[in-house]
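Input: structures, listed below.
Presented sequentially are two complexes of chain A, the first with chain B as partner and the second with chain C.
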Partner chain A sequence: MRIFERLFPVLALVIPLAGVVWTIDQFGSASVERVATEALIRLVFAIGLYIFAGNSGIVSFGHMTFCAIAAYATAWQTCCAMLKPITMSGLPAFIRDNTFPLLPAALTSIALAGVVAFTSGLILMRLSSLSASISTLALMFILNVIYSNWTTVTMGSSTIVGLPVYVTIWIALGCAVLVIVIAYLYQVSRWGLMLRAAREDEVAAQASGTSLYWSRLIAFTLSGFVAGLAGVLFAHFMGTVSIANFFLNHTFLIVAMLVIGGMQSLAGAVVGVTFISVVIELFRRAEVGFSVGSTQISIPAGSQELILAGIMLLILIFRKAGIMGGKELRWPWSVRDDGTVVGVGQVRLAHSADSHR
Partner chain B sequence: MAYFIQVLIDAVALGSLYALVALAIGLVFGVMKLINFAQADYLTVGAYSLVIPTAAATPSMMFGGLPWALMIFCVVLSITVLALITERVAFRPLRNTDPTTLLISSFAVSYFLQSLIIMFHGGRPKSVSIGAALTRPIDILGLRVGGVQFLTMTVALLLLIALVLFLKRTSIGIQLRAAAEDFSMARLLGVAANRVIAIAFAISGILGGVISLLFVIQTGTLDIRMGIMPTVYAFFATVIGGIGSLPGAVLGGYIVGILSVFLQAYLPEEMRPFRDAGVFTIVILILLVRPQGLIVTSAAKERV
Partner chain C sequence: MLEVKQMVAGYGRLTALKGVDITVKKGEVVFVVGPNGAGKSTLLKTISGLMTPTGGEIRFQGERIDGRGPETLCRRGLALIPEGRHIFKTLTVQENLQVGAMIRKDSAEVRSDMEMVLDTFPILRERFKGVAGNLSGGEQQQLAIARSILQRPALLMIDEPSLGLAPLVIDQVYDSLRKLNETGLTLLIVEQSTGRIMELASRIYVLRNGKVVLEGDREELTDTSALDAAYFGFSSDAA
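Then we have the complex of A and B:
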C-alpha cells in the first residue's frame, strides 16, 4: 500500500492516459488516432522541457534544438538509401553509404542530443537564470542557421522525406509513460530536490550546500535526452524532417502547453498538453468548417493561434501557476502530517509547491 | 582601405540600429523587469501599417502613400499606441510577478500580434517600396556610401543622442533612469510608477516605429518574421552589455551589429550564410568570460 501511495502521482497520470489511448485505438477514427499520437509525442517533448524548466524555474526556449538534432541524426541513419548519396553528399562515408537498423539509430540519435545538451549546458548553466533563458534562444538560432544552410548534409531548408514510419499510438504511449516515470524519479531524487530548492530560493539553497551549476546542468542534460527522444518520435511519425518544424512556432506551442497546465508539476505538463491538444483540434476542425442543419459554419483561419495566445495570457494573469497550480496528484487518503506514512519526497514536494503560492 | 571604411560605415549603421532596439528593451526591462519579446512585433506591425491589409503580394499603400512627414508621424504614433495598449492590457496585471513569468507573457503577446498580422495580411512576404530616392549612393569625401546606410546611420545616431539627452537632462528622463536603477526606491522618492512605465513603453514604441521604417527602406519587403532577428540580436545586446544597464545595452548593440557586418564582409564566401550562427557563438563566448555581462549592475544579482 505504501508503494502504491508513493507511486500514485505517476499512476494517476499513466492509467488515464492508457485508458484514453485504448478507447481511441478501439473506437476512434484514423484521424483521431493520428492527432492523439501527435499529442503523445508532444507530451514527451513537454515533459523533457519540464524536467529542466519546471524543476529549475528557468524557461528554456531552446529545447527544439535537441529535438532537431536527434531528428536529423535518425534521418541520416535510416532514410532513403538510394537518394542519400546524392541529396546529402556531405555526410561521412559510413553513414552515407549504409542504412542502420531503427533501434540503434534511435539510441545514437538520442545520445547525440544528450551530448549536445550537456556541452551547451556547460556554458549556459553558468549564467544567471534570466540570461540563461535568453541564451537558450541563441542556441536554437545557431542550430537553425547552421541546419538551414548546411545544404550538403541537411538538405538546407528543404524537407528530408522517406523515413520509415513506425511510431504507432502504442509506441508513443510507451515512450510517454517511460518519460513520465523518468521525470518523476528524477524530481524526487536528491538532485531533483536540490534543483527545486534552488528554484524556490537560490541564495538559501546555495547556503545549504546546493551547487546551482551542477544541479541545473544535470537537469539540462537529462531534458536534452528526453527532447531527443521526442525528436526521433516526430521524425518517424511524420516520415519527414524539416528544420522549419523545429523553430519558434512549435516552441511557443509547447511552452504554452506547459504554462497553461502548470509549469511546476509533472501533472501540470500532462494536463496542459492534453487540454491544449483538445482545444487546438476543436478549433482546427472549426476552421475547416462544420455544418449545423443546412448552414456551413467556419471560423476565420488563424483564430486557433489567437485563441491559444489568449488562453495563455489569461492563465498567466489570473492563475499564474497553471491549471494544476504546481501540485502533483496525490493519494487522497494518506496521513499528511506524519512523514513516516507518506513518502518523504512527496512531503517535501508538496511543501515546496504550496509555499510557492 | 576604401572597402574597409565602407564596411565600417555599414557596421556603425547596423550597430546603431541594434543599439536603439536594445535600448528600447533595456528601458522596459529597467522599469519592470520585463524582457519584451513583443518588441519584434512592434517592428513588424509598424512595417505592415504602411500597406492596406490584403493578401496581395504587392499591396496598395495605406500610411505608405502619405507625404513622408505624415507617414513617419502616423507609423510612429500607431506603434506607440500599440506599445501602450500591450502594456495596459497584458503587462500591467502582471507587474509584480517574477521576470520569467513576464518573459513568457511577452512571448504570448508576441505570438498573438503575429497571428493577428497573419489573419489580416496573410502569411506570405510582400514587396513595398518607400524612399526609393534614398537608395542612391552618395559621395562623401571621395567615398561612395550607400544612401540607405547613410540615412540609417544618421537617423540612428541622432535618435541615440536625443535619447541620451532626454535621459540625462529632463526630469522625466532622470526619473526613468532612477526607476531603472532601483524601482522601489525611486517610487519611495515620488516617482510615479504608472507614468515611468508608460513612458518607457512609449519610447520603445517610438523607436519601434522609426526602426521599422528604416528596415523597410533597406529591404523593400514585408515579412511576418522581419522583427524577430533584430529583436533577438537586441536581447543578446542587453545580455552581453549587462542586463539592466542602459549604457551596457547600447554597447552590446554596437558589439553585435559590428560583429555581424564584419563577419559578413570578411568571412570566406561559402561561410557567409552561417554569419548569424557565428555572431551568436561569439556572444556566448563573451558570456563565458563575463557571465554577468560587460557592465554589471545591481539588477544582475538577486538581493537577499
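Then we have the complex of A and C:
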C-alpha cells in the first residue's frame, strides 16, 4: 500500500490519461483521435519544458530549439530516399544516400537534441535567472535563422515532406507516460531536490552544498532530451517538418499551457496541456460551426485565440500559481500532518492547504 | 579552527571590511556584534565563500580557504545560516532537511542524525510532511538550524538568529544553540544586540565600520560598559 501511495502522484496522472485515450480509440472519430494525439505530443514537450522550468524556476523560451533539432535529424535519416540527394544535397554522403531504420533514427535524433542542450547549457546555465530565460530565446532565434537559410541541408523555409508516419495515439500515450515517470523520478531525486531548493532560495541552497550551475545544467540537458523526443514524435505524426512550426507560436502556446496548469508541478503541466487542448478544440469546432435543425451556428473566426487569452488573464489574476497551484496530486487517504486521517473521497493536494502564515 | 587575518572585502568601491582579524577555536561560541552597517554579514558571507575577499587570508582547519566557492566549503564542514531564515518555502519540512544532508554519503548515519535533530526540535517532527512556508518564524529558524546540523559541520555560522523573533522564541533558539554547542559544535554567531549573548559566548568581538574595535573573553567583558562603549563608539573613559 505504501508503494502505491508513493507512486500515486504518477498513477493519478497516467491512469486517467490512459482511460481517455482508450475511450477515444474505441468511440472517437478519426479527427478526435488526431487532435488527442497532437495534444499528447504537446504534453511530452510540455513535460520536457517543465523538467527544467518547473524545477529551476527559470522559464525557458528556447526549448523548441531542441525539438527542431531532433525533428530535422530524424527527417534527414528517414525521409524521401529518392528526393533527398537533390533537395538536401548538402547532407553528408552517408546520410544523403542511405535511409535509416526508424528506431535508431529516433534515438540518435533524441541524443543529438540532448547533446545540443548540454553544450548550450554549458554556457547559458552560468547566467542568472532572467538572463538565462532571455538567452534561451536567443538560442531559438539563432537556430531559426540558421535552419531557415541552410537551404542545401534543411531546405530552408520550405517544408520537408514524406516522412514515415508511424505515431499513433498509443505510441504518443506511451511516450507521454514514459516522460511523466522520468520527470517524477527526476524531481524526487537528489538532483531534482537540490534544484527545487535552489529555486526557492539560491543563497541557502548554495550554503547547503548545491551547485547552482551543475544542478541547472543537469535539468537543462534532461529536458533537452525530452524536447527532442517530442520533436521526433511531431515529425513522424505530421509526416512533414518545417522550421516555421518550431518557433514563437508553438513556444508561447506551450508556455501558456504550463502557466495555466501551474508551472511548479508535474500535475500542473498535465492539467494545463489537457485543459487548453480541450478548450482550443471546442472553440475551433465552434468557429467552423455546427447546425441545429436547418440553421447554421458559428462563432466569429479568431474568437478561439481571444478566449484563450481571456482564460490566461483570469488565471493570472485569480490563481497565480496555476490551476494546480504548484502541487502534486496526493493519495487521499494518507495521514495528515496533525495525525488525523483525511476523510474518504476528498482529494487532498500534496501540500497542506492552510494559507501561508 | 578558523583564523581570519587582515581580511578586506567590499561591494564595488565600498569597502565593508577594512582588515579584520578573528579567531575561532574548537568548541567555542564566538559572537560578533555591532551596529547596522558594521560589516557583520559581509564577514560571514566572505568566510563562507558567497563573497570573495579582496585582501587578507582565511584559514579553516589550517588550510587557506579564501576564494573558494560555498559548495566546496560546505563539503569541508563550514556551514552558514544566512540572515533572515532562508528556508525552502514550497518544499516540505522533510525535503528541507534532506537538502541539508545532501552532501553526505553515509545514509545510515544521516538517518540517525535526522532522528537526533527531530528530537532536538520536536515541532519539526510534528510538521514533518507539511510545507516549510507554513511554519511560524521561530519554527522556520529552528528548521534552518536543523538543516545545517544535518550537514555535520565542524563550524556553524549563523547570521542574526534572533532577527524578528519574539523574546520567548529567541530563548528557545538560544537554548537549542547551547545544546548543540554542548555536543561539540563550534559556533560563530553574528548578532546586532548585545543583550542576550553573554550567557552563551566564550568570546566576543565588536565590529564597527569594518574594524574590530574590541575583543575579549566573556570573563574580561563582564563589565558591560566597555562593550557598550565600543558598540556605540564612545571612548571608554567617557562612558
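What we mean here is this: the second predicted complex is superposed on the first by the 334 of 357 C-alpha atoms of A that agree within 3 Å, B and C clash if a C-alpha of one lies under 4 Å from a C-alpha of the other, contacts with A are read in each partner's own complex, and residues count from 1 in each chain.
As a convention for this text, a contact is a pair of C-beta atoms (placed from the backbone, for glycine too) under 8 Å apart; a residue touches a chain by one contact, two chains touch by 3 or more.
Note that this is a predicted model, so its numbers are computed, not measured.
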Partner contacting more residues of chain A (chain B vs chain C):
B
With both complexes superposed on chain A, which partner does A:301 reach: first (chain B), second (chain C), both or neither?
first
Return first, second, both or neither, reflecting whether A:203 touches chain B, chain C, both chains, or no partner chain.
both
Should A:211 be classified as contacting the first partner (chain B), the second (chain C), both, or neither?
second
Touching A:326 in the superposition: chain B (first), chain C (second), both, neither?
second
After lining up the shared chain so the two structures overlap, which partner does A:175 touch, if you call chain B first and chain C second: first, second, both or neither?
neither
Once the shared chain is lined up, is A:190 touching chain B (first), chain C (second), both, or neither of them?
second
Should A:256 be classified as contacting the first partner (chain B), the second (chain C), both, or neither?
first
Does chain B (first) or chain C (second) touch A:264, or do both, or does neither?
second
Chain B and chain C footprints on chain A meet at residues 203
Residues of chain A touching chain C in the complex
190, 193-194, 196-197, 200-201, 203-211, 264, 326, 337-338, 351-352, 354, 356-357
Chain A-facing residues of chain C, complex
48, 50, 69-71, 74-75, 79-82, 86-92, 95-96, 98-100, 102-103, 126-131, 133-136, 144, 147-148, 151
Mind pulling up the chain B residues that touch chain A in the complex?
35, 90, 93-94, 97, 99-101, 103-105, 107-109, 111-112, 114-116, 118-119, 228, 232, 235-236, 239, 243, 273-277, 280-281, 283-284, 287-288, 291-293, 300-302, 304
Which positions of chain A touch chain B when the two form their complex?
57-59, 61, 123-124, 126-131, 133-135, 137-138, 141-142, 145-146, 149, 202-203, 248, 252, 255-256, 259, 300-303, 305-306, 308-310, 312-313, 316-317, 320
